[in-house]
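Dropping the structure in here first, questions after.
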Amino acid sequence: MTTVETFPTLAEAARAMGSGAAFFGGGTVLMRDVNAGEGPQRLVRSADPALKEVRAQGETVRLGAGVTMARILAERDLAFLHSVARQIGGPQVRNMGTLGGNLFAPHPYGDFAVALIALGARAVLAGQGGARPVEELMRERARPPLVAAVEIPRPRSGREFSFLKVSRVKPKGVSVLSVAAFLPAEGGRIRGARVAWGAMGPAPMRGQGAERALEGGALDAATIARAAAQAAEGLDPPTDALASAWYRKEVAGVHLRRLLERMERG
Amino acid sequence: MSMIEFRKEFFRDERDDNLNEIGKPTRRQDILGHVTGRSPFYDDHLFEGLLHIRCARSPHHHARIRRIDVSEAERSEGVVRVLTGKDVPRNLNTLLSLLDFGLDDEPLLAETKCAYKGEPVAAVIATSEAAARAAVKKVRVDWDVLPHVLDVEEAIRPGAPTVCEVYPGNKFVYHGKYDHQKLRYGDVEAAFRQADHIVEGRYQMSPIEQAPMETCGAIAAPEVNDRYVCYTGTQALFFSLGTAAKVLSMPSSRLHFVGGTVGGGFGGKVDSIHEPIAILGAMLTGKPCKFAWDREEEMQVGAPRGAERWYLKDGVMKDGRIIARQFTGYFDSGAYTRLSSYAIIKGVGHLPGPYTIPNVSANVYCVYTNRTPATAMRGFGITGVDFAIEAHMDKGAEAVGMNPIEFRILNAYRDGDMKAHRREAKNCALVECCQVVAEKAGVRLSGEAAAAASTKGGGGERGRLPAHTVTDQDGRVEGIDTGGYARKGGGASVSVPTPPRPAAPQYQSAPTPAPQQAAPTPAPPPAPDAARKGALRFSSLSGFRRR
Amino acid sequence: MAKKPVTFTLNGRESAAFAEEGQNLLDFLRRSVGDLSPKYGCGQGGCGGCTVLIDGEPHLSCLTLAEAAAGRKVETASGLATGPVLHRLQEAFMERFAAQCGFCTPGMLVSAKALLDRNPRPTREEVIEALSGNLCRCTGYEPIIEAVLDAAGERARA
């Protein structure tokens, strides 16, 4: 059965992590297992105010891992993340679910992580200097390192970044798939295109096919058509109650095209 | 926002115009409890020292049980007792035995085999839900996995695995005679030969979960005077009471059922599984016991509206008249009967839909497969076949090149027509409904269809039974005695050989704690009443019966 | 197993009880505290029947650790009425036939209360969004949405 330990600081919590322990964010994923009698042996919590810290100004935004979706929606300076946060769960889930938890929420969850990967966000790990790309952490989902905060580069304009989620139930449905694109442009050409997918593999992942098609091009009909045609490349979606792997691959290009056309229109 | 529109001009002379409630806002009598959060749902009764019951279930669609070992579960922290089929006084039941319909076919806790994924084999009683969950994982079952069948038509092919030994052909037996429910009216084959068009179709419907917001459950506790109180979410309080009394082999006067506040039912709360298990727990532990499904169980083992498959064949004349309609239907009952047999009786009474067709024939099968047993849900027996009929009407209209609304008006029942189940059609309204639909949809009807009325053109020739009805003995089954529970006074055993069972335990009176060790004598059945004799009475379930 | 004392405010009153290890707030409120208005529909966050307000905002009590309620303000449907005087939402739910079985009603009411406290004149879309975490199998939602809009209208007039 599950025991719960609460620590005043993240550093102490980090030291308490170890075998059989899971860090408890908002609990919207973990408590389901606890209720089903399948929770981890130990839940580690922390009351550290750093977890809730929001630094919304400047070129790089810094958000504590314990910041909830509702908190993001309440912050005017984080408008570029609102369309993402608003599409996660219903009101209750947004009041509870955290950024840190979203990084490690299992399929089909992790919509916020998709946006973060597209934006090239970096995770600050508790008790460690420096920061690591969020993308890298996706490979460590089985035993996630304790994340203290996330640093997110702010897009220069609303046109540079966009997010789209496909669900069967609206509002509040979970993802058939989600996709985010970050397309900074220099002199009308896309430089450093980043596309990320959710529910299209074991964890949120980059879409290399689409990125290659977009890189160096102008965001026009021809480039969009090329990206859509190559969208499914490298994706390995699961089959679940919402959709089959086949279906997800078939429609990936359609939804990427819609997202890119929205960005083109601005 | 009201979308309701009253067309009082229709059927003016068929009713008094003194409706005082319809069309006016009204308050539910139980609404104050609902908005204050005080309506007493079954789980809103608190008991000191409440014990929690959870079941160990089959992970297989179909498997023989070689051995059930509960010793480790019994030693698990917080466990008070583990029940298996041996603890159930009468561990074989069919719900409708209370109405004398069908053979006992389903154990409360499986002893010899499981016929669907999730079928319960043991019930752990523990001091907390978490402890019960942990102990369930320690129930060890030695399984012998059997081939399974999940499709109705595959299930009735020769050589298919037998799902339910009580019905070896995987088909319910109707009226002790046939492996399907029959409807015969006129001569469809002769009519097909005369028809200008033959229109055929195949339709099917998947199972549908009722998904009530409150999951199914019950709490039982020892009461004074040798009685047990049972708070339950059942939709069918007296049905559940009768079922509990039967499977626990005790007079219903010892059971005090409290219910009526149901957190949504939609048909999914009639199966009376929780009440007997909770009461049995209370009897054997002397403590209040709660047995409830979590949401996953509600979805996986809670009986849904069953799947159906229908084949329809119509004989249609060029002018649009349907002169013959033939049905072959398969209801997927899942592993046991529950209410599917009855759904078919209802469904066949509804054929051929609200249309006057002079030749109708139907063979409808209640088929056992290794899927979750099916049960009631809103209009069950009708919904699936109505979908088939109406989809088929569109197909028929297309075949003769008619507007589908006119096609329906042409064939609709008129007052005074004879229906295929030999009742006169009265208070018909389909013609008028079609006319309103046409108006709303902007479809222009022909003069004839626009002038049609349910009160005009019916009866006479259309009101007479067919001169000749073709009958047959197809699907005849021998050697089944439907001798029922209700008819024999509630206690006598049925005549179909039931598998030999270990002796049922005997129970002492509460509040003395019930014995942990079952006494080796079988519980005596309640004395049967003298067989009731009287006038013949027709029941849609069981045909003609002596009162 | 260790029990933890939890002191919190329930519907404006100081309340305290012992929470079991890993116990969720729903079970704690119902069994340990005795407030039966939040309902179990899934224990998985899917139905919203267990919704309570924590510091004014809707939370799923089935996914909240009981001990996390310590020191916080919890509101449930049982606290909506002031003595015998019903909340406007309760009145509107009664008038609008916004409950059939009533099982989802306590959760719906507190979700709606959080909305009206924050946004006294919501649009229809805002009402739908605010109730999107609460399932109802009986009503088809329409009367519930109407009831919330009615209650908001009255509030603005009052």
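A, B and C label the chains in the order they appear, each numbered from 1.
Here is the rule we use: a residue touches a chain if its C-beta (ideal position, glycine included) is under 8 Å from a C-beta of that chain, and two chains touch if they have at least 3 such contacts.
The structure displayed is predicted, hence computed values, not measured ones.
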Query raised in the report: Connecting every touching chain pair, does the picture come out as line, ring, star, complete or other?
Result: complete
Query raised in the report: Which pair, A-B or A-C, has more C-beta contacts?
Result: A-C
Report summary line: Rounded to the nearest Å, the gap separating the Cα centres of subunit B and subunit C is 35
Query raised in the report: Taking each chain's centre as the mean position of its Cα atoms, how many Å separate subunit A from subunit B?
Result: 46
Report summary line: dist(centroid_CA(subunit A), centroid_CA(subunit C)) in Å evaluates to 29
Query - Where subunit A touches two or more other chains at once, by residue number - result: 1, 36
Query raised in the report: Out of subunit B, which residues touch more than one other chain, so two or more?
Result: 130, 294
**Report entry** Residues of subunit C touching at least two other chains
**Finding:** 22, 43-44
Requested in this report: State the interface residues of subunit C toward subunit B in the complex, per the touch definition above.
Outcome: 20, 22, 30-31, 34, 36-44, 46-47, 49, 76-78, 80-81, 86, 89-90, 93-95, 97, 99-106, 109, 135-138, 142, 146
Report task. Give every residue of subunit B touching subunit C within the complex, in rising order. Result -> 1, 25-28, 30-39, 41, 43-44, 46, 128, 130, 211-215, 261-266, 294-295
Requested in this report: Enumerate the contact residues on subunit C facing subunit A in the complex.
Outcome: 1-2, 21-22, 24, 43-45, 48, 51, 54, 57-60, 62-65, 67-68, 111, 114, 128-130, 132-134
Report summary line: The residues of subunit A that touch subunit C in their complex are 1-4, 6, 24, 26-28, 31-32, 34-36, 39, 43, 45, 70, 89-93, 95-96, 171-172
Report summary line: Interface with subunit A, subunit B side, in the complex: residues 130, 133-134, 294, 296
